């Protein structure tokens, strides 16, 4: 039986880990808050005390944590996985983190002979549970080959973005930009439609069945229509983190992105108005407020 | 055998008229430039001298012309269809024109007892030829019922937007906004991706197969990737007309649309740089120029 | 004693007319609402029934009306001044109207041999009362020479913009843009300063005494500081008219003006939120709302 | 005779130091590149080896360095002034640096009993040479009183922003924003004016003599008119640093600043197009390029 370590048992990590277990992978878990591991333990996983314990039990670790700080803590931090990792070990970072951090971490991993792959995912917790994630992966070819079956246990589609791990983090933040930009343009269109006296439901039907039948438009269009910014959401604060990451890297790449700047300002307004805990599609509320609706 | 009139034999009108003929509709044609009717005449249609001749031969007319001025000319202008239309006649305006014009024309049609339906279409000439247009229709219910089979001869999907003709023109310009806004956000994302050293083709594959698999993203993403702004295109100048229509009506509806304002400025730059004859997706060029690519 | 006609006795026109009278100009007045002329009549002016009566009593008319429609009405409309004007007559249009209208009106004036000068003003009613207006003038040279002393009765400074009347209307709308743009950038700076915990009064003092000591910054900065958007104001609705004029002409001139687009959206939000009667500096409120203040 | 230390002999620091010397202040100098001190040494100043040497010779140090890194190096870095500073010593930081850095440095200074004042300046090298700088100061009251005469040797006006040093750095970056925002709006107005066929020189005269007679509008308006983006300039790259500082702090303060976002994108375009060495008013070039001029 194959084994693996898994770090980060949040709303995304837990169903992803469970899908590995369903596919006969024996998991060793680490989570800062131990309680969150209890359901997976009852299903057969084993909890360890520190990230560094994982590479003493397996040579493959997946991590899915909230941000740069958390990823640094479990890797290069005290009792991090780099303390015990050896040549031949593989660490698959699946978090949405900064390309710069992945670049720096890869250098640290290499010093120990560990291979760092980056494999961020698109999809919400429900998609994670149903094994419908889209996974983008980059890094060293042999390690990718080894890891590929595991990624397929977690996601519906896996896309390969070459040999340089941090590049795929640019893909992830560009993708998140496109999602939120879709919310903005849908919100502007719906505000116009509604103030023009057109039935928004009919407009949504046309868009989702014909003009723009992507899951993003269907899903967020429905949320807008129903003013549903709470349930099963992706928190505004996390969205703000991602757009900030994008703008920082666009700044380094000397790429002006005016719609991204606009989204940044929408998010600032939303946070200033204490909507940080709503789903990030709640930038829609600002669009409608600006239209006096 | 059923009959109908058809006004406007441009890149869109010609294949739309042909699809009616393929479905056993005997067509009477009017076009300002007679030569453009020749192929359809050779296929069995009959040309008339003036728009007003059409309602002497049939009680149903479709029109597909370039702009407000052209539609006014063939309706309320000298020798326009209102000179001969009678109670029971139906005029289906399929052009992308101003909601205000449709509102005003409806009043003029009503004075003669003619029913005006508005039925703008989404799709390019190739989609028109292959009967794959999306048609949005609004107007009086009985007339819509009469016209519905004809619309199905021309389009794959027909969406009903209620009783008020001009409302569906708001839908059309909001839809065009969403299409061009997709070009903008794709262009920003591609500029970032390219300047970050990621393979744009791989990014496109991921978007079109997983994250945003709509025809708009697939089609325009491909154009961007191939720097193809010419073939089979929707001219920038017409796009500028449509975004201007949108902004005028958003102004009336007191709805700020910042991304639409951004698109307006992109189009102005494109026209100022003499790109008015390219496909409107060439606003992409400005996005890349701004990024120094 | 010299004579002149004066059309338009609003908040601006009345003090301007009074300053002509103070300088020994006998005035014949026309105003749509007769009551507004009463104070000037008590000071010695004479009221006429229709605009056309003016050119029967004098060969020089000044007009200061609210918008394009009003200026059309008193010139080319029924009983307008063009009905009686003769070669040698001069009409000085001082209103903020569309360059296109002035272009068209000049042609109509020329047909009658009347010279049209355009001479829009910068300044609020208090500046008009105190003869502190800035007046920009354009048109035929001899007529300008004749009119120059009269303009100096009304304004502190007169700037000559050449021979083509409508050009100076571009100057006026560009100037209004700069004023409102100053409100926007001041508002953004004050929002940042306030949310950073800096004393806004100290910031204002530094700006107005050192960094940006223009009357615009001093005046609007004070309004922002005092949240005073009512008294003696320039109504938001008129400001929206002016920015619309600007954007229309920038569109014709194929000049993208992103800050003007932003102002347009601020004004739409303000109108949508029923602030149309406040001073146009109330776009400041939107800036602060967006910052959650 | 009074003494003081001075760190940072760049284009600004050198004339500022010279003005202290002209006012009978004996200066001890530190600069990373020793050669830059030669002219002041020939005028009577004394050079030291390390920043830490300064507080062994005087209890008052002024610093004027390029950025956060440089200020950290000369204070908390090895051989920095904190190694030798004692209670009663005063350090006046005059650089444009991050409010966060000043906040952190103040804590470090306090640990040694040193008082940190922040006193950033507005003005270019020519203004520094002519003692025409505007200086904004914040920090502990007694120390400010001590330092005040020295600030007056360097600047024309000194504005007090209270007790918290880092607040005045918010003032500085907000002020720089207002300056660059003035360039943007002037550039938009000039582009419109020029494309409308109006004489830009006449427009400039009217603005600088009447509507917006501030040094910023006069100075930058002249640069725009003359397409002079080189001589005596403030480098684009430094301007980009300042707008980045502003956006970072606006982000922390949850304050959307859409014109600042626009400026950020203008600067990115300018850097991407290799204009980083021009005066920052060269964002004007982008405005004109967008207008096809």
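Labels for the chains are A, B, C and D, by order of writing; each one numbers its residues from 1.
Just so we're on the same page, a contact is a pair of C-beta atoms (placed from the backbone, for glycine too) under 8 Å apart; a residue touches a chain by one contact, two chains touch by 3 or more.
Model, not experiment: these values are computed from the prediction.
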item: Topological distance between chain A and chain D, in contact steps; value: 1
item: A-B compared against A-C, more contacting pairs; value: A-B
item: Maximum centroid distance from chain D, chain identifier (CA atoms); value: B
item: For chain A paired with chain C, centre-to-centre distance based on mean C-alpha positions, whole Å; value: 54
item: Whole-Å separation of chain centres (CA-atom averages), chain A against chain B; value: 38
item: Multi-partner residues of chain C (each touching 2 or more other chains); value: 250, 254-258, 262, 265, 268-269, 271-272, 290-292
item: Contact set on chain D toward chain C in their complex; value: 99, 122, 134, 136, 156-157, 159-162, 164, 167-168, 170-171, 174-175, 177-179, 181-182, 184-186, 188-189, 191-193, 195-199, 202-203, 205-207, 209-217, 246, 249-250, 253-260, 262, 290-292
item: Contacting residues of chain D [partner chain A, same complex]; value: 244, 250-251, 254-258, 261-262, 264-266, 268-269, 271-272
item: Contact set on chain B toward chain D in their complex; value: 265, 268-269, 271-274, 286, 289-293
